[in-house]
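Quick one: structure below, then a few questions.
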């Protein structure tokens, strides 16, 4: 307790990290438990609060707990551009993927290959996100409008060109086009060591049955 | 630009707040846009990084972006509070490291290095984790798709850039990352799944079934 | 579990009793189930020879592998084709290494082939080591943590859709699977063929001097009504053929009356 604390002392560092990583404000009782008790908590909180005073982030008391919050005076500048992340519906995802792979595609064609008619909100959501736009009209009776993806679509998905969308063979190789249950589930909830060798793992089963098409070495 | 910046200057505070608020790394382009341009961004980042150096929370570079992260040495004491890590299989890890060290790499090259074909559950797990993504197609016959790692990969493994991959320099010096002819033998018999015989193989935008007048990608 | 010197058993959880094992020489044991393919086997054998793969004897390695394959075959263990392809390749390499180089040959020399194999093994080994180093790095969510309570005011434009490329590709994969047409399957129909009826009827008619109802020649116990009706039709057609061939006579006294049939008298 008599040790001299500063912003780079171990307990203060830990306190800072705990408050940073926590989704909720953390009560002093909880903090004390995590810091193993041997710390002058009020003093550590004080050091932390002073270090952040006047900065872009502040240490604040929220109810009975402590938390970091961005400085209120900056809020206006930050919140002026506030956005939320929205989910895209299943139909939206499918529609987007079909437009991406089959563009330019008319609404009629889209409905025909999906086998359902397009509900109003589906295309709107994609339009609003700026991921699709109308393309050229088709030179067929009725001159229907086609739909194509935009540069913003490429940007969002870090693709340099449409050409870099994985083809069917790639999808299949990646396991995304396979009816068969996967033999190898490469990721699963961790229980022990991350590199713990795993008997269920697909690639190491005896290679008797051809798993996937193999391209010769190129 | 000539203003003297310090940790409590408005632009640095704003920068701090923006980065602190976000769980994901924020790219320099995005930061510049939010700071209205009139700031010496590298200097502001520098000031911020020094202020946090050695603390419980640090400013780290992730690819082209920046993020606040808890200091790695505190990890053990912070654990138990946060989300579970997914477990990576042996094949998954091997595939990930081959992509990381050899990128951009085609599936064929990947399979040749591993000596076995990719099975379901390996690449899609890495894709789902957001650690790999399709890169550019190779300008060789068949225009095979390549795979590269993402910024999320860097973020996850606390790498500032691909240059920080462990042992990279040694592997390069030893010539182990060179492209060289392999043994020239196919590793596994071809599977006769109908999808493999897809005439559109390698063609990214398969024409619609029975649809005329659909143009290919422009 | 039987460990050869430095040959690790890859998966401890596996039940040792059920793993096909191949003994190579006196002390080496390979568990077949533990390997990902021939390269993996070679790498294990190589690591057993020496830690530094750059210094192993490729010839000795090839010999060990060939022993491994022969042993597996002797024990009737089923080896995938690629293990045999590798064996052929190694045998070829061996012959190239041991025999004098033929003059003016486009083929790679034995030394070149050996170098390729060595490189392949070194490279894969290096990637495995790199993977271990990678996984031991501080990892997000285990050693390093992000802001737990992010305050959302990112990006400048309106709504941002939370969609990853994986989601799009997965959606397309699922769509493709769903829309993939099931191949038309035509099930073999169980019908009584005219050929079968002819074969049945010919010897029976040969002994039938009296007029006899055609129905009495039908096989019994067919069960399935469709099969029974097809048998009636087939036997009728067959009887007409026998008449045409001058073997039988057929008669019917009126509409809907029973069909009578007998051997044509000589």
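Going in written order, the chains are labelled A, B and C, and every chain counts its residues from 1.
Just so we're on the same page, contacts are C-beta pairs under 8 Å (C-beta built on N, C-alpha and C of every residue); 3 or more make two chains touch, one makes a residue touch a chain.
Being a predicted model, the structure only gives us computed values, none of them experimental.
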item	value
Chain separated most widely from subunit A, comparing mean CA positions	C
Chain pair bearing the highest count of C-beta contacts	A-B
Distance from the mean Cα position of subunit B to that of subunit A, given in whole angstrom	13
Distance between chain centroids, defined by C-alpha means - subunit A, subunit C (Å)	38
Residues within subunit C bordering two or more other chains	36-37, 80, 82, 132, 135, 139, 142, 145-148, 151-156, 164-165, 169, 179
Subunit B residues counted as touching two or more neighbouring chains	20-21, 34, 68, 70-71, 78, 82, 84-85, 88, 91, 93, 116, 124, 127-128, 133-134, 181-189, 209
Subunit A partner contacts - residues on subunit C that touch it in the complex	10-14, 32-37, 78, 80, 82-83, 132, 135, 139, 142, 145-149, 151-165, 167-177, 179
Subunit B-facing residues of subunit A, complex	7-8, 12-18, 20-22, 34, 54-57, 68, 70-71, 74, 77-78, 81, 101-105, 109, 112-113, 138-140, 157-170, 172-178, 180, 182-191, 194-198, 201-204, 207, 210-218
Interface residues, subunit B side, partner subunit A - complex	7-8, 12-18, 20-21, 34, 54-57, 68, 70-71, 74, 77-78, 81-82, 84-93, 106-109, 111-112, 116-129, 133-137, 140, 142-145, 150, 181-191, 193, 195-196, 198, 200-206, 208-209, 211, 213-215, 217-218
Residue numbers on subunit C that touch subunit B, as the complex places them	36-40, 80-82, 85-86, 89, 113, 116-117, 119-120, 122-124, 126-135, 137-148, 150-156, 164-166, 169, 179
Contact footprint of subunit C on subunit A as seen in their complex	17, 20-24, 67-70, 78-79, 81-88, 90, 93-94, 96-98, 100-101, 113-115, 125, 128-131, 156-159, 166, 168, 171, 174, 176-177, 179, 194-195, 197-199, 203-208
